[in-house]
Structure formats: C-alpha cells, structure tokens
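Both complexes shown next keep chain A, but they swap its partner, so chain B is in the first and chain C is in the second.
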Partner chain A sequence: MDFGLPTLDPPRLDHRTRNGFLFVAALVAGGHSMRIPLWLVLIVAVLFVWHYLITHHAWKLPGKMTRLGITLVLTLVTLKYYGTLFGRDAGMGFLVLLLGLKFLEFRTTRDGAVIIFLCYFLMLGGFLFDQSLWVSVYMVIVAWLATTVLIQMVAPSGQSNRYRLKLSGQLLISALPLALLLFLFFPRIQGNLWGLPSDAYSGLMGLSDSMSPGSISNLSSSDEVAFRVEFEGQPPPPKQRYWRAIVLSKTDGKTWSQADRGGPVEHRFRPMGTPVFYTITLEPHNKRWLFALDLPASQPEGTQLEPGYVLRAKDNVVQRYRYSLQSYPWYHTGKLSRKQRELNLELPKDFSPRVKNLVAAWRANNLNDQGIIRSALDYYRDKGFTYTLSPPLLRGDPVEQFLFESRRGYCEHYASSFVSLMRAAGIPSRVVTGYQGGEHNDAGNYYIVTQADAHAWAEVWLRQRGWVRVDPTAVVAPERIEYGIDAVRRLLGRGTLLGQLDAPALLRALKLNIPAQVWRNMGLYWDAMNNAWHHWVLDFNQQRQLKLMQWLGFRNPTWADLAVVLIGGFMLFALVVTTIILRRRQGTDPVVKIYNRFCKKLVRTNIRRLPWEGPQDFCNRAIIAQPGLGKDIQSIINQYIDIRYRGENDKTRINRFKKRVYNFRID
Partner chain B sequence: MHSVLDKALNQIGQIIVGNPQALRLALCCLLAKGHLLIEDLPGVGKTTLAHALARVLGLEFNRIQFTSDLLPADIIGVSIFEQQSNRFRFQPGPIFASVVLADEINRATPKAQSALLEAMEERQVTNDGETHRLPQPFFVIATQNPRHQIGTFPLPESQLDRFLMRIELGYPGRKAERGLLTGGDRRTMLSDLQPTLSGPSLLKLQQRVDDIRTSTALLDYVQDIIEATRRHPDFNGGLSPRAGLGLLRSARAWALMEGRDMVLPEDVQTVLEPVANHRLQANEQAATVADQIRSLSQSVAVA
Partner chain C sequence: MLGRHKLYMLPTRLGMILSVVLFAMLLASVNYNNSLAFLFTFLLSAMAFVSMLYTHRNLAGLELQAGPCEPVFAGELAHFTVVLTNNSALPKVALRLHHRGKEVVRCDVQAGTSQSAMVPVPASQRGRLKIPEMVFSSDFPLGIFFSWSKKLKLDQHCLVYPRPIGELPFSFVLNRQRYQDRGTRTEGDDFLGLRAYRPGDPPRHIHWKAVARGQVLLTKEFGGAGQDTVNLDWDLLGDMDKEARLSQLCRWVVDAHNADLHYSLHLPGINLPVDHGDTHQRRCLNRLALY
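Showing the complex of A and B:
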C-alpha cells in the first residue's frame, strides 16, 4: 500500500562486499560438504553462482513467488531425503540449504547480518561432527574472515582489506580471554548431548576378542592410532614392549577365543626387579579391554585386573581414555591350578596327527620342556619359514598347513601354531594378543602405537618360572620386534628377506631419504599437536573441571561456585582491560614516564601527586612539604615544564632531564 | 605577574575588596577578548567593578540599564533627521564605548537582548543599511540577577555561549566588609583612579596572549577536558567548539597574567569553571554545576 510517505530505502551493499559474503558462505558450506549429500552441495553451489550473476551481471533477483516456490520444493526434497528436518545431520544439511537460499533475497545489510550469523552457527554446528585440531583451525580462520566481512558491511568505505582483517583479528583475540574463562568454568554436562545412535562406534578398527588366521594381518596397513604412551623415566627396550590385552586359551583348530569365565582367578604374581611407570591415552575402541605392558601390577580407578593378567575397563571405552599404571617386565607367576592346566593343554579332538608326530619326535630325544621350546623355535628358523604381511589363505587344518606347507605367515600364524605345538607336547600354553612396539614421537616425547602394531604371541607355563612369554615371530622376523612394523613393511616392500641382515646393514637399509624424513617428522609433529589438543581441550571434562576448582581452593565445588568464578573472572578481565586502556595514553611519552618516575620517588617523602594535578601546583605543594628538597624539585619540574609545555623537547634536554631524575635521591 | 597588569589589579582591588580572584578572572576575560557575565545579587559591586575596570584601563565606559521596555534602538542608537543637512544622521547609542555595562541583562525582553548580543559577536552595528564599527577594544560586562528572581527573561543557551566567562562576586568577607564600611566613598575613589593602561596598550597585550605557547601535551589535556564534559552523564551536552576555543584563549590569557610564556594545565583548570559554568547545564540543580565541573576536572589526568 502506498500512503504517499517516502519509503525508507534500506542500505544496499556494493559488489565487493557481496563477494566477501559469497566467499565466507562458500567456505562455511565447504566445511560441511563432506557430510551433506552431493546433490545438496551442488544445489547450494548453484545458488551461490546465481547470486554472483545477480550482482555482477545485473541479473534480477527472483520474485517473491519464485523464491517461495524454490524454497518449498528444496525443503520438501531435503525432508524426503533425511526423513526429518531436525537432528544433527538433517538440521545441518537444511541450514546449509537455507544459507544458499538466503542469497536469493540478499539485498540489505539486514540480510547480510542474517547470513553472517547463519555462518557462525553453521561453523559451531561443524563441531558436532568433528572436533579435531584441523577442523578447529579452519573454523577459526573462517570466523576471522566472517567477522571481517561483517566489518566491511558496516563500514564499507575508506579502509583497506588489510586494516579490516587486522581489526577483526584484534576483535577475536580480545575475545579470547573471555572464551578461555567460559571454556574453563562454564558448567560441563557429562555424556552425549546428541544421543548418538548405539552403532556410532561400530566402524572402529582394532583387535577383536578372538583370533583366526588373517584377523591381525588385516590391521597391518592401518596407521590409525590405537593408543599413546608416556613413560616416566627410562622406557623399556623394544623387546619388552608387549602390550597385552586378550588371553586366548580355547581353540577349535582354526579360531582362538577367550576361555569362559569362572576359572580360578589368576592375577597375582611375584614381581621381580623394578617396575615401569607409564600413562596410556587410549583411543576409543568400543571394547572393555585396556592395554598394559607385561605384566600390570596396579589397577587404576575404574578398571580391574582379570584372569590372564589383563586389564579391563568397567564399561566399553567410547571416549578417549587416559590411565596411569605400573608394570613389572620381570615376574614369576607361580603355580598353575589343575583347571588352568587342563584349559591350557586342550586341543581340538581332530588335532593333526602330523603335528603330533613332529612333537613326538622331539620328545623322543628326551628333551625337557625348555628343550622342546627350543626345538620348536629352531624348526621355524631352519625350515624356511618367512614372515609376510599377506599370508596365503589356508585350507583344511590351518596349523598343519602352515607348519608343513605354506610356511608363510603373520604373527597370528606363528603364535597359534606354536601354542598348538606346545600343547601337543604337554606344555600348558596360550595365545596372547595385543600390540607390540610403538614409535617414539620426539616432538611430544611419547610413543604412538598404531593398529598396525597389533600382534599375537605365545605364553608357555614352565614349572620353574610360571608363565613365560615366547614370541615365535621374533625368530623369523627379529626386525618386527626390534624396529617395529613400519620397518618391516618397508623392508618387505623392497623385497629384503627378514632375519638376514646384520644391524648396521639394517640401519642403512632403513635410513630414510631427506624428503621422507621431513614428511615423517611433520607427521609426528602433527600428531603431537593433535595429542596436545585432545589432552588440553577436548578431554577437559567435568572431572578435570572439578580438579581445577579444587586447585583453586573450592573443596566441594558446586555450580554456584562455578558461577562465582565466572563472574569474578569477567570482572577481573574488565578491570584489567580498563587499566590497560587508561594506562596506554599516559605511558606512551617517554618524558611522562620519566616524570612519573620522579613523582614515584617523591611518594617516599609522602608527597603524592594527584592524577589531575598540574606540574606547577605539584611543585608548589611539594616545596612547602619538603623545603629541604625545594631546589631539586623546582629545577626538575621546571625542566619538565620546559620540555612538555614549552615544547623544547630536543634530545639533549630530555636526556639531561632523565639523568637529573635518575640522580635525584631522597636520603 | 605582568607588572602593568599587576598594578591595574592592585588599583581595582582597592575599590572592589574581598574577591581578588574574581577581579583577576575579569581582567583575564578582557585580555582574552571575551565578554564577561557577572551573575550576582544587586549591590555587591558589579557596576563598580565594571566602572573601575574601564577607568584603570583608560577606556571609555557606558552603562545601559536593561528594563522590560528597553528597545534595540536604546542600545545601538537611532538615525535622526538633521534639518541643516537635510538628511538622516546616525546618533550612536550607548553601545559605542570600549567598556559597556549591560546592567541586569535578563530584565529586558529577548528582542533587546539579541540586539546587544549581536553587537557583541560582530563587534559592529548595522543601522539603516549602514555599518558602524564599534571601538577597539570592545568589552561588554553584563550583569544578571540570579534566575529565581521575579521578572527576568533568562538568556537562552546560545546567547550565554557568547560570554566567555561568567563570574560571581559574592559577599565580601567580614574584614573586607569592615574596610568597605569604614573606607571612603566608592564614587570619589573611582574618579580618583589613575589609568595604568590605554586602549592601544591593551590591544598590544591582547596580541601577546596569542603568542603564549600551547604544546601538544597541553592541547591533549584541553581536548581531554572538553571530551569529558561531553561524556559526563550529569550534563546535558558538553562544551561547544566555540567554548573550547574560549577555554584555550582564557588559559593563554591567564598564563600571560601569571607571567609565563606557555600554558600549563593549571591555567586550564583555573579558567575552566568560569568558562564552563554558564554553558553546561546540569541535569539536576544549577547550584551544583561548579562542584560538578570541579569533580570533572579532577577526573581528567594530567601528565
């Protein structure tokens, strides 16, 4: 309706500002592009291009009905695709779509503000999916640019882009202390805010609770981190870095699995030597088992030791989990109960007679248990066994096939066949799986254990020593134990036979060329940074907030205490900022600094300059109060007046003034 | 203190006793080429002060008593028909003097007030298309009764802004009053006053005011003060740019009177109250403006 009144024309935005908006929106939508369907990405891209044509090629903005139609259709399509418009995935997808649509009616500064705020919100939304350091850095940069565009919109002319970037950077940086305060003291709610579906962690790779040929070698190419370890003091040598997790005693000839519960509890042992102290940061694997060096002697809070000297969490580990414990690399486990003995001697009924015969031949040589073990290891060494990352598929009885025919295998083949041999010889034995080794990260001084470090080894029970670890893989591929899986992969990739080279030749062979070295170091640095990010930022939970509050002196911190700290912090921040602003103007002129110094000296004689007091007034007052110093005070202040108010501020005068103030003493 | 000015002040001080600071400010205002507004009760010596100033400075003095029926022509003069020459001749009014006392300015109607104020600003008078320059130096001392008195037309803010300073004389102290009571007749004393200055020498002094140095530090301070008045929550609006100029000029004049060749923050502080008092309007009571200005000047740091 036209009432004959002048219409209030809202401020239009120029082309360059609009480009900024498009750029930021594209960055934000791009950040979500991996999580939303491709068709949605394309539609939003088309909408952006459309807006570009509108601004730069004088296309007309679509009319109201067109806009309404497009919005309705696309909303329905989105609804059809997701089944809903709410929730994490659908909600973010829908918002990205709306961001694109908003550009079809983007004319005024108000629309611009809506777009930027939508961008901020979408950036935050990105953290619902991914909170890694990389994403955070990206978000900070985009937030910086978005703020810059906002500044450009509000004050479009006059300043350069560099100035705007600087200004918005300053704004963000000055918000940092408040953000930190909120991060540290805003009440934290434990648990999943978004009610993730129960299968959210199903895609995680890692060990499984049983072992069959091929189950561990599958992991040999995965560089995904299993856990990180920090040692207190000297770390144990590589051949002692066996991280046990699962003890497998039952076998059907192919698959090894855990024994049923209910066996006699066997987690006491006699430690020998000195313990190793260390802290493990475990990546979530949605299982209960925790990793510990052979053999763990303590159970951190929330964990328990279970039969087989393995550590278990109370619940499945679905978040990064950090625990500290100690282990004894040397130990004596003592007697074996009858039930345990039977369990660890069990063989499938149709156990291969060929294998039995092999063992019987060793036994016939009148060998004791240790002799049998040595014979078995010699058998691996001398009969042409090789270590391979891609073992051939075994048909029939895998143990027999491996021992007599293929003779190519990964750790699980060696471990399972070795345990079978031992059991056939009447020596109680079992398979242990977990990880072996770990790469040292110099940047963060911790060890990274990846999925590729997954390993299986054997334990035999000897009367004199209890359970003893025997790793048949070490006979065939000593490099696996000494230099780790990465070295093995590289050696095998080059066709080198394992177990053939001496140490210097091996080191030569393993030496990386410079680019590879640089790449590797960068990877390690990145991992160290990520680890720090996780440790200091993402893993700051309610518990650690509680600890921080206790450190601040609250014995039993409540939400009210948090509020007190927050408000107090805000006030402190405001105070500090105000002081800085007030001081900044005074502090700039060196002459004023010298003068202030002089005034400070006079404070000792109880003459305190009032902030608003001019030099002459102050001089008169000081002389009356301290007639003895009158001459000095007069001449110093006169010098000051000459420099600052008569404008005779050449260097020699200032220096003379400085010296005079410096030499001014009150006895 | 400048010796000539010192002498002049001494002489005036013999007649107007009890408030030397007001006398100094009045002289300072004059040196700064500004007009002076004296607000006080009748009988405290406003007129005598104006008269004494004119005499000591060796200037011509006229007094206009403002009443509610005063017309502009009563101030600036009229053209009268001269029969001999058969033409109109401008008969200058009482405004044509170096020192003009506009007594009880707020008793006149706004129309009469504006005639005076125009002359103050332009330093010239226009009558029947003819422009007549006012003498140099030209100095108006207006007196004003406190606003709450009956039958007054308060000056609008825009016109108050034309006065460089507003001072109050106040009652003399007990000792000063005794001197007044026992001393001789003020009128004879006035006529006995010997001029220590003259028009040309006053003009020269006014020029010297312009040579007083103001450093960047001082200008910073002046700007801080002005900004503070504008930001102060107790005032409706702060000092205008014209007021800022006046403040600086007054501070210069004060520095000259102090015998210095540069302005110090103290000079600004001294003249701030008379310069700002009538220009700032407090949200609450007018009586507290002086206090508020003092606290304001104490909120601005000097370095």
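Showing the complex of A and C:
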C-alpha cells in the first residue's frame, strides 16, 4: 500500500542550536569531571572549544584522516590509563571522551541526536556512582535541557526558547506516570547480566575485620553515614547504644582478628527485661556483617547468626539494606564451652612479662574476677591515661608500650590492652568492634551513625553473668559514650582534657553558637530528605515489588501477573494521557478573535477576507474597495499586525485594539 | 482538514537509534541493579512514547486550502498558493509540505492564524493543471517519530496556456492583414458600430447622446487610426498539426498584445471579434488553453 511516505531533508543547524548542544554536553561532562582523570577533562574541554571555534569563527572541520587519527590516539591513551574500556569507571571515562570527539564531526541533525542520546546514557552512568537527591535533581534538570535542545534541533525557528523549555517540561511531566508504572511493575531481575565489574563497589568504606592498635595513628573522622536507626518506642540511653558487628578473639600480640569459622555457634542466651525494637538502614559496605544492639534476639530473613552473637548477611551488602531487629540490653549468656574458653584466653607465647606481673599483683590481693576488672579500670583512671584521636605510633609490644609508656590512645588501644590484661588474669575475654552512639535527627526522628562513631570495646565472661560488656574507654573519656565522638572531637580541638569536667560545664562547653547550630540543623534536614529519597525510591527492589504485588492482592505473584498489571496500567495511562494531550483546544488567541470580529463587520460592506489573505493584502484590497473607511481599516489592521507579528503584545495595546474594533461602525 | 483518521506515523531513524540506546540503558540498570538508573531509563522511554501523541497533535486539526493560481504558459512553473490554517490554541511547528515525495515548503503556523505558501509545479501541458496531491509531515517535537497525512486532494487548478512558440513570424499575419485591409477600408477613423461600455474606454468614445436618452452606456467603435488590426486565424496555418497551430496562435496573441494591436481570434467554432487590452488577451488565451 502506498502511504505516500515523504522523504525528509534534515534542517540546518544554526549557531544557537549548536551552542545548546555544547552547553548540555558541558553540563553532562562536568557532572563526571570529578571521577575522570584531569587530562581527560582537559582534552574534552579542548574538543568543545574546538567545535565552538569551528562554528563561530569559521574554523575548518578536521578532515576524515585527522579525525580518525585523533580518535585512535585518544582511545589508546584512555585504554592505557584504565586498562580496559568497559566496566563502570573506564566505560564512563571512554563515553565522555566519545562525547567530545563527536563534536569534531558534528554536521547533521543525526550527529546532534547521537550527542543528546550519548548525554542521556552518561546521565544514567552518573547514577551508578551517586544516587543522592542532589545528583538526581541535577540530572533531571540536565535531561530537561537536553530534551529542549533536541526540540530546538527539530524546530530551529519560529518558536521561542520559553516555548521549547515549556514543551520539554510538559513531555517529561506527562511521561512521569508511565515511568512510575514501569518502575513499580517492570520485573526486577535480581543479580546481574554479565557479571559485575570488580570496580562496581570500590570506594565503599566501613569497619575492618581486624585491628592493629598503634599501627594507625589517626582514627577515621569521616562523617559518611554507616547506618540509620529508627527505634520503636523509647530509644535506649547512650550508654546502651553499642552496635556490635565483629568479635575479635585471636591475637598475635599486635593484631586482633576474628576466630576461624566452624566453632560452636553460641546464639542462645537468656533475655532479661524488655526488648528494644528497631529498624536499621545500612549503607552498603561491601562486607557481610550487619549491626545489632547488644544482644540481638531475632534474626531477619536472609541473615544468619554467627559466633559472638553477630549477625551476618548471606552475601556482601552492596545495596542499602533495611532490616528490623529486636535486642535485649540485659541478658545472661550462660555457660562457656571449653573450646570457647580456650579461644578467649589465648595469648601470644611471647606475651609481655611486665603485664603479667601487673596482673599477678592484682591477683595477689586475693581479688575475684570482678575485683580484677575493677582494678584494671582503676589503673586506666588513675595512672594518667588520656584519650586522644592521634596517639603516637607504638613500637615493640604495643600492649606493654601502651600500658606503661605512652598511655595515650583511643578505643582500640583501651579495648585491646584491657582484653590482654583480662586474659593474663585468666578471665575469658575478647574485643568487639562496631559503632557506639549515634546522633538523633529531629527532622526524621531517627539516629544517624557515622563512620566516625566506629568503636571497639571489650567483653569478659563471668561465671555468674556470662558475657559482660566492659568499655575501658568510658573510664578515660566518659564524654565519648555520653555525648558521642563529635563532642569529643570538639572538646579535644579546644584542648579540654576529657573526664575532668562536670556535666553543667560540659554542656556549656558543648553549646554550639547559632550559625553552627543552623548549619547543623540544615544538614540534618538534608539528611532526612535524602533518607526518605533512599527509602522510597532507591531501595525499591524485588522484595518490595513482591510486597507491593501482594498488597494488590496477588498472593503468589508471577511474571505473568506483573505483565497483567503493567499492561492494564499502561492502557489506563494511554487513555488518560491521550485524552489530555489530544483534547481539542479551540481557545483561539484572543487577539485573533478580535481580528475575526473585525473581518466579520467588514463582510457587511461586501469585503470578505479570503482564507489565504494575510492582513496586509486584505488591508490593501479593503481600502481600494471602501476608500471611505480606508483610514479606520488601515489603523485597525496596523494595530493587529503590530500586536501579532511585531510582538508588541502588552495588555494596554491589546485593549486599545479591542476597543477600536468594537467601536468600528459601518454607516 | 486533517482529521485523526488521515494521519500516519512511523519512527524515524533517530527513533531507532534511541530505542537501541534505551535498551542499552535498561541492560546497564539491570546489571548494576540501580533503582535510579531504572527510573531514568523508564522516564526517557515513557517520554519517547508520549512524544508520539505530541507529534500527532502537531498535525491534527490543521486545515489546508488552495488559493488562486495565476495562469501560466506551458513550460513555466505554476505557483499554487496553499493556505495552512491552524484553528487550535497551540502552534503547529516544523511543518513540511511535500508533493510527489519532495519537500516543497517548511513552516510554522502560530495558534489561530493562517500561513500561505507557494507550491511551484512545472506546467508542461496546456489546459487545466490540477493542483497536485499534497502531503503534510512533521517530526516535531523530538525527531524520533514522524507523522504524515494521507495525500490530500484539493479542488483547485491552474490554467496553462499553450507554449507561445511558432516558426511563423508575426509579420506573416500582419502583412496579410494589411493587404486585406486595403480592399475594405481606406480611412482609419471610420465608425464601425456600438458596443457595451467597458471600463477603460476613452470618454470621448462614449455614445453620449444615448446616455442623454436614458439608455445604457455605449461605446462607439472606430477603425483604429494608425493602428493595425489583425485577424489571428486557425485557417491561416493549414499545414500544421493542432498543438503547433495553438502554440503559434498563442505566440501571435502575446505579440499582438505586446504591440498593443487590435486583433481577433478565429478558431473552428470560436470567433472572438477584434479588440485589445488585458481582458481580451486573457479571453483569447483561455480559448487557446482549453481548445
């Protein structure tokens, strides 16, 4: 069948359109500029400037061989730098380069469209690195501008920029319902298609699975969020907010590490008192461990309990993960197996005799286990120990060095030396690491635990009570537990000694000035918004999709059910959006209406405007036919031309025109 | 009027490229299991889909009318005027008008206005040249879908006069005529008769006495003083075929008009008496075009 399909001559690209392309490409490349090497940023910038000179200063477009040469050389350089052209990091770097190179052969509208499509892809690439609210808002704005440029390319003249911006905005907004439908019901395949490149989760930070006090002189001061917690009901006081993750039982005297797996799982304990219910939203850290308040009594689906009452995910956590738990702050863990006892008493063979002598002196005072613990804590309190975030490096035996010489350190030093003391005294004990504290966010009513809240403490086993948490850091720096790491940092920054001030003085010292308070609150609000964004948009996954389908009434949703919902929703969307977009809009421009009225009046004098007659031609004809009315006709039509075609369309002019037409009489 | 049933639509090559890009974006989203990437991919796909409606809307409800067309001689370009009328409240953007698959006009029509456009069509044959079937198209707004109307038949044609060529020079008729004239008339100011007044007749030739009697305006006709009168006669060209005769006569009409002569035209069954002026010429040429 002959549909009479016409061929199209592509429209020419003018300078203004090309400027639009450069602008959008610069915004997109700029969004990636922090992640690609500087030389690549500079090269792409040079390519953009080159294109600008070609279009605006009549520089010559480079020849085919030149282009091929440049492309080949730059591709090889990029390949050499990254070692590959695929994967997230290298792929995006390479695409940014291609975006720049495309401008060297930017002649036709097809090249223009390819540039815009490449920009779309690069925007998606940006989300693979950063999904924050801020980045999303930026990308939506850039996508809007990119679409506007595409419209400008298709219709380069005749319409204003405002019209194009409005139209592309309308396009995006009218697409939103369908996008949401697809987002909610498009089958989510868990897992990946071609295997994740190794760089997919690089740069995620978190705890380490071993610790070597004295080997690192600076504790992480990162404000990066580790996880957020929402409590149901009353949150526990700060001194109970110990988030355990890793139990370190093995030591060689310098480094503490986890015991080998396969030991008996001690997961039963006798809970006492009332439990705490809470939900944790964990930022991905690319490790298996999950965080729980001492001690977790439930086990969310897809997790398992491992020795030391620690919770583990089945696989590494590479996405934000949300789980609800129940913990008992008071508990009795009961007996210790022989194997466990041996493990938690182990000391290196060349353990410091000086430390042994110190403990032996306490034992000689006929003290029981609890007395020994008290003596050890007194030792920290009375012998001039100070809490510092930048302790000296320890040489030789770090435990001995710390206990007798340097006496300066942070949680890791205190926890490890304390456990060494206990083990020397024959008390089973171990180091636990995780986070301690958390800042309350009033805006979202949740607690934020940051990387800086990382903490290490000790657990000792007592016959009467089982495993008991002892935090030697609390003796030296009670502010660390009561007010959090941020307060400690501020106090230390001002040179205040920890553990010296009473509560009112502390509160005075910690009071923020007003700008700092405002800044802090703004930060908390922003975090609350980001958190909601994460919860409602980013964390939507297969499980949530399943729950949504169940909520809709599908008991065991299959892909076929998803397809039914998708198709049904799509038809509804198509119906509504078609009705809205294609509804007849006869609301002719009011100025045209007035003009038509004028023409109707003239019909009475037998001058009929022909459909193809422009105002000027009509005016000339009408004046010849009705010379008597010539002055009026001329003036009215001139007003019409000014308003409609010269853009002099302010309210007063239109009103004057209207009045003139209404007062026009044919006698 | 372009109604809904008269529009077709297909994706353009850019649309094909975009679909490949969107598919790649979907694969990347699945592979990295990235929610925002999914949302972005779906947003662009939905936008591509919705843009179909915008493309359709851009053409729907557009009115096409044909305006007058000045007659032309065969071998020239006939310029048809077509008028695009947009009665909707939205501008119609990046419109293209095609005939026989070739783009002839590109324009925007603002809301509530009309836009006229000239469509040049080569006129090869004398007679009535029908306005060609027109097709409208546009790939607005995104260039990924392309909509076009079915072939629109308009009721308008252009009169095409015969090609004004002929080997016989004008003097051929002129001489013969002079020769004949000598036998019938000697004086140039002879009164020939009365005819109805036509605008443009000199006032001194008006038959004022008749006016005074209350009759209609009449003009006295005289044999032109110092003017030549020619008879352009089909029968003079006995040994030529029909089209060649018409072309030759056409040529003579043009020449006679340009020389401001009074001439008559005689075709088998058609006799246009001696006269001059634009109206006379047009009448003669019409007869030749449609003979």
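Methods note: the second predicted complex is superposed on the first by the 372 of 667 C-alpha atoms of A that agree within 3 Å, B and C clash if a C-alpha of one lies under 4 Å from a C-alpha of the other, contacts with A are read in each partner's own complex, and residues count from 1 in each chain.
Basically, a residue touches a chain if its C-beta (ideal position, glycine included) is under 8 Å from a C-beta of that chain, and two chains touch if they have at least 3 such contacts.
Note that this is a predicted model, so its numbers are computed, not measured.
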Contacts of A:182 with chain B and chain C, given as first, second, both or neither: second
First (chain B), second (chain C), both or neither touched by A:646: first
Touched partner set for A:39, first chain B, second chain C, both or neither: neither
Which of chain B and chain C A:612 touches, first, second, both or neither: both
Partner, of chain C and chain B, that touches more residues belonging to chain A: C
Contacts of A:526 with chain B and chain C, given as first, second, both or neither: neither
Partner chain(s) touched by A:592 [first = chain B, second = chain C, both, neither]: both
Shared contact residues on chain A - chain B and chain C: 586, 589, 592, 610-612, 614, 644
Complex contacts: residues of chain C adjacent to chain A: 8, 10, 12-14, 17-18, 21, 24-25, 27-47, 49-51, 53-54, 56-57, 60-61, 65, 67, 81-83, 85, 87-91, 93-94, 96, 98, 101-103, 106-108, 110-114, 116, 133, 135, 137, 139-143, 146, 148, 150-151
Complex contact set, residues of chain A against chain C: 3-9, 11, 88, 109-110, 113-114, 117-118, 120-121, 123-125, 127-128, 131, 136, 139, 143, 147, 150-151, 153-155, 157-159, 163, 167-168, 171-172, 174-180, 182-183, 186, 188-194, 196, 200, 319, 537-541, 577-578, 581-582, 584-589, 592-593, 610-612, 614, 644
Touching residues (chain side chain B, partner chain A) in the complex: 213, 215-218, 261-266, 269, 297-303
Parts of chain A lying in touch with chain B, wherever the complex brings them together: 586, 589, 592, 595-596, 610-617, 641, 644-647
